[in-house]
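In structure tokens below, several structures.
You will see two complexes here that share subunit A, one where it goes with subunit B and one where it goes with subunit C.
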Partner chain A sequence: MKAKKSDYPNDWSRPMVEVERLTKSYQGRQVVSGLDLQIRASELFGFLGPNGAGKTTTIRILTTLSRPTSGQVRLNGIDVVRQPTLAKAQFGIVQQHMSLNRDLTVRENLELHARLHHLPADKGSDRIEELLEYVEMSGYADQLIDHLSGGLKRRTMIARALIHRPRLLFLDEPTVGLDAQSRRRVWDLIRRMNRDGTTVFLTTHYIEEAESLCDRVGILDQGRLIAMDSPLNLRRRLGMVTVEAQNEETGTEYSFFPDRAAAASMWQGRAGHERIVMRESNLEDVFVELTGHKVMDG
Partner chain B sequence: MSNSLATRLWMGSQDASTILWADLMILKRRLGRYMLTTLISPLLYLVAFGWGLGRGMNMNGTTYLQFVVPGIIALTAMTTSFNGAGTRLNVDRLYFRSFDELLMAPTGTLSLLIGKALIGVVRGLVSSSAFIAVALLMGSGLHLNPAFIIALLVTCFSFSFLGVMAALLARSHQDLATFSSVILLPMTFLGGTFFSLDQVPLALKVALYALPLTHSSICLRAAALNQPVPESSFLAMLLFMLLFFLGGLFALRRSSI
Partner chain C sequence: MISWDRVLVVALRVVRQLKRDRRTIGMITLAPVFLMVLFGYALSGEMSGVRLGIVDVGADGEVRDHLTSVKDFEILHLGSESDAEKMISEGRLSGAVVMGKTFMRVLLDASSPQVAGLITSEAGAALQKAGDAKENTREGLLLSPASPGSYMEMEQQILPARPVMEIRYVYGYDLEMMDSVGPAVLGLVVFFFTFLMAAISFLRERTLGTLEKFMVSPLTRLEMIAGYLAGFSLFSLIQSATTLLVVIFVFGVPMRGSVLTAFLVILLLGGAALTLGSLLSNFARSEFQVVQFIPVVILPQTVLSGVWWPVQSIPASVRPISYLLPLTYSSDALRQVMLKGASIGDIIYPDLAFLAGFFIITLAAAIAMLNRKVG
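Let's look at the complex of A and B:
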């Protein structure tokens, strides 16, 4: 029987991902510095950071593609360095780039991974049909990957990542390059997978995606985790209301307030600004305030 | 043999055959085009050297055609096995990055190496067999005995492992192309394929005996002419195969945890 998210009430006590004092250095430069992270079972966790913050390096270590310089990583209690083969069976991954075998059909791609994860042939076939239905791609099963649209390729990658029923799913920029409609379908799929009990580790450049989907987000900057909480708590800490003072000469100045009344009393009657905009704070405000970067900045 | 070792060996062989299965599906889809492109070079060599340049030449009691055909088989096995395993892996690893998916699957390093090398072996055998068929039709008088088949298999395995190793160590597509130009191309002409090493100066002969293709040519030629296969050359072939296998293993272990 599938676990449901409701089976793990708010305490979500069992850690699915445990990272302790993780460090990774390349040619004397520390890319990840003493990272500590715990992701609870059935959580939908967003991992944010500007380019070069160390997100990709962290994910490569978590998914056994890179060896840490020091520190420990456990997936579902299994150490990725000491027991890599067992650790690999714990997770599925949807990479940012299109990593399907383009010369195989959708079904063949799924079959390849079912076999690599040692699913018996009959169970593998059933699982493939089930997943094709899950991602609404039954009609495309025998099409070559090269003949599919970007959205369909992404859904095939999601189906492939789920083939062995992993408890943990890494989604690395799962909606990059997709149109709005395809993006929403992928969002629905992510929510559904998480409701079905899968722990989701999501990295994204789209802050609204993290805000809309994630239970908690961690913000990484220069290899260090500088904030980790629910999007709502992070916004509360910053101030729920943002005032943008747009000035042609000095640029836009941002101020944050706990509520509209506080913001209004501060800004009422202020002159010299071209335009004042008062709005709800969002996760992007938190991100920019903490890192000093726009999300896409290098 | 303990139960767990037997289980691991069984699962390892299953993983390797799964990896081969995917590559075979691709080969099956492109077999016609593959056969056409892979046979052009050896057939040109056969026409140019066997029929053209070497017509009427005698090589220690055999015709030049009988001499050169085993050499062309060796170089066909070399290039198709190397490219069959290496080129595709290089593209999958650096361009499509789909090789990461295999690295993240719960598959042992050994199975992954063997699985990726096997497609090179299959491609090498398919191309060599097609060329052998053509050569037989042309009256090359090849003897297809067990020694010949073993020498051909060892050649295909050696250069497949070399292809996997080179593809895993390459940092760009250009690196692999450079490797082919600097290592494989000179070997094609100097590895005892088109001329007898008895005719070259001693210093060069020593250098040429350090090439794996030289020993493949010597063994294949001896077997094809129904002569005893020199043990030293066969041993050298096995050593090269082991060396490239270990090199591939090292390169693969460097690629992931």
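Let's look at the complex of A and C:
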């Protein structure tokens, strides 16, 4: 599964994804404004942001589906605007929506893309067996897509995205709509791929997903990157302890403290209609604090 | 650089996918046949039960005999011309013939031109027959001078010399309505179904995200559309073949030219329908919207492109539109090949040239639209 060095022309020291001053405007409105981003090879990166922050637009530009208004994007050193075909060979993508051919079987779906990527028939079928085993779907090869559960469909899409051994994988909301069990299996698969050397660029609305999976997360808001660090560092910066003062009339008020002692000294002796909850801060606290609105709000 | 291998991959996928979709297969192969059969019977030109009144005021036997022998007519013998007029205006008769010794008057209900046409032509034929009969009688009498009296009488009865119209069909002398319309309807049916199939399939690719998946693969846009066209042409081929067979064998529409030439015309038309369908699918967001193209794209072609009546009979003010429609050219080409036996060389200009041009322009536009989607 591990990609061989000789498959790729570039040196390993340079970042896998380089975004410089990326801007995209639609009808005079800036959707992405001067975005800078560097993702190291073999990193598991989470790209977060409220709806409409510009995540989808950024991914579309990174995957050659949309052209930037200005700025540069290089994947594994290859410019996506100047060399789109070569750039496409560097990455695989699992889209948010089910994009398999429903009337074909799992194997046929994979075969189709193996041949589009010019894998010879014999090598292609070896590769397909290998991938099916990798995503733990060997028993489903000849099932029609329409007969699969959501989790299996998602795993088929991941296998399809890996067919040409890309070193970079874009996962756009990979667990949306899955039940808890399927979701954990997909998480395990993502971790495994990352351990095997694949750089993962992930977007998600589930903050705990990013927190549990990602080495680093970037938070995008209104087209700008407002934070970029490991989940732990981001929590540290906010304060490792969160106090929720739940008031029936005014709603819940959140305060953040470096540790429990500091939080306790602040809240001790405060009486009133509030119910006080002290807990460890999480990435969602960071996210909400930074973006000023709750995730999933339109 | 086009990779034919990738084109083939896309084509095979289209075939595989459609192969599993039984209902679509049924629609593609059987619906055109059904439609053809329906058109065929409706247009066979056979009429029956046409109610014709006859008012006989001393007519020639020949005339009466001819009219009563036409099997399409249901004859009613009436007492007077006013009775006939009354019954026609009440809709109880399609027409009436008032026959005297020296005249014939035909009363018609003009609301149905076909029926009126049948009655006039049969009445004309009856008169002609009567005239011929008299000529024969005179000759016969001349040869038998044993009865001079009757000869004289006949001589008096001979009508003054009148111009005789002689019609000579240069081609198609034995054609029925279906024969002349059949080749054009064949094109219409193939165009309609191919257009619909292409527009809906492309729309599905876009809404299901498979199109986008193709766009992040090494596949180029030209390869993608070419693959689609190749895959669909297989179905278009089956469709054209079955429809052509129905037209030829079920309805006996003549095939004076080469079947292969006719097939080439249909394939080219099918190609034009495919590219037009894929181009227009860009402007639809749902299958429902694709269906709304039918009155805009298909219906005008059925009336403006000389399928049912010649383009020359279309008012000059809208005729320029006719000359922009692919069906105008396929109708002409198919008639030329099937009825006149034209060869490829005879229909290259303007028919094949236009169809090929239409195909290339819509293909280029469809590819450009795909490019535009990447904004």
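Keep in mind that, in the parts below, the second predicted complex is superposed on the first by the 285 of 298 C-alpha atoms of A that agree within 3 Å, B and C clash if a C-alpha of one lies under 4 Å from a C-alpha of the other, contacts with A are read in each partner's own complex, and residues count from 1 in each chain.
Here is the rule we use: a contact is a pair of C-beta atoms (placed from the backbone, for glycine too) under 8 Å apart; a residue touches a chain by one contact, two chains touch by 3 or more.
The shown structure was predicted, so the numbers you read here are calculated from the model rather than taken from an experiment.
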{"item": "Side-by-side fit of subunit B and subunit C on subunit A, or clash", "value": "clash"}
{"item": "Partner chain in contact with A:89 - subunit B first, subunit C second, else both or neither", "value": "both"}
{"item": "Contacts of A:117 with subunit B and subunit C, given as first, second, both or neither", "value": "both"}
{"item": "Partner chain in contact with A:81 - subunit B first, subunit C second, else both or neither", "value": "first"}
{"item": "Touching partner for A:98 - first (subunit B), second (subunit C), both, neither", "value": "both"}
{"item": "Partner chain in contact with A:29 - subunit B first, subunit C second, else both or neither", "value": "neither"}
{"item": "Subunit B collision site on subunit C, chosen from 132-140, 150-158 or 276-284, when both complexes are overlaid on chain A", "value": "276-284"}
{"item": "Touching both subunit B and subunit C, residues of subunit A", "value": "63-67, 85, 88-89, 91, 93, 95, 97-104, 108, 112-113, 115-118"}
{"item": "Footprint of subunit A on subunit B - complex, ascending", "value": "11, 14-15, 18-19, 21-22, 25-26, 29-30, 92, 96-98, 100-108, 255-257"}
{"item": "For the subunit A and subunit C complex, residues of the former touching the latter", "value": "26, 63-67, 85, 88-89, 91, 93, 95, 97-104, 108, 112-113, 115-118, 144"}
{"item": "Residue ranges of subunit C in contact with subunit A within the complex", "value": "3, 5-6, 9, 13, 16-17, 20-21, 208-210, 212-220, 374-375"}
{"item": "Touching residues (chain side subunit A, partner subunit B) in the complex", "value": "63-67, 80-81, 84-86, 88-89, 91, 93, 95, 97-104, 108, 112-113, 115-118, 160"}
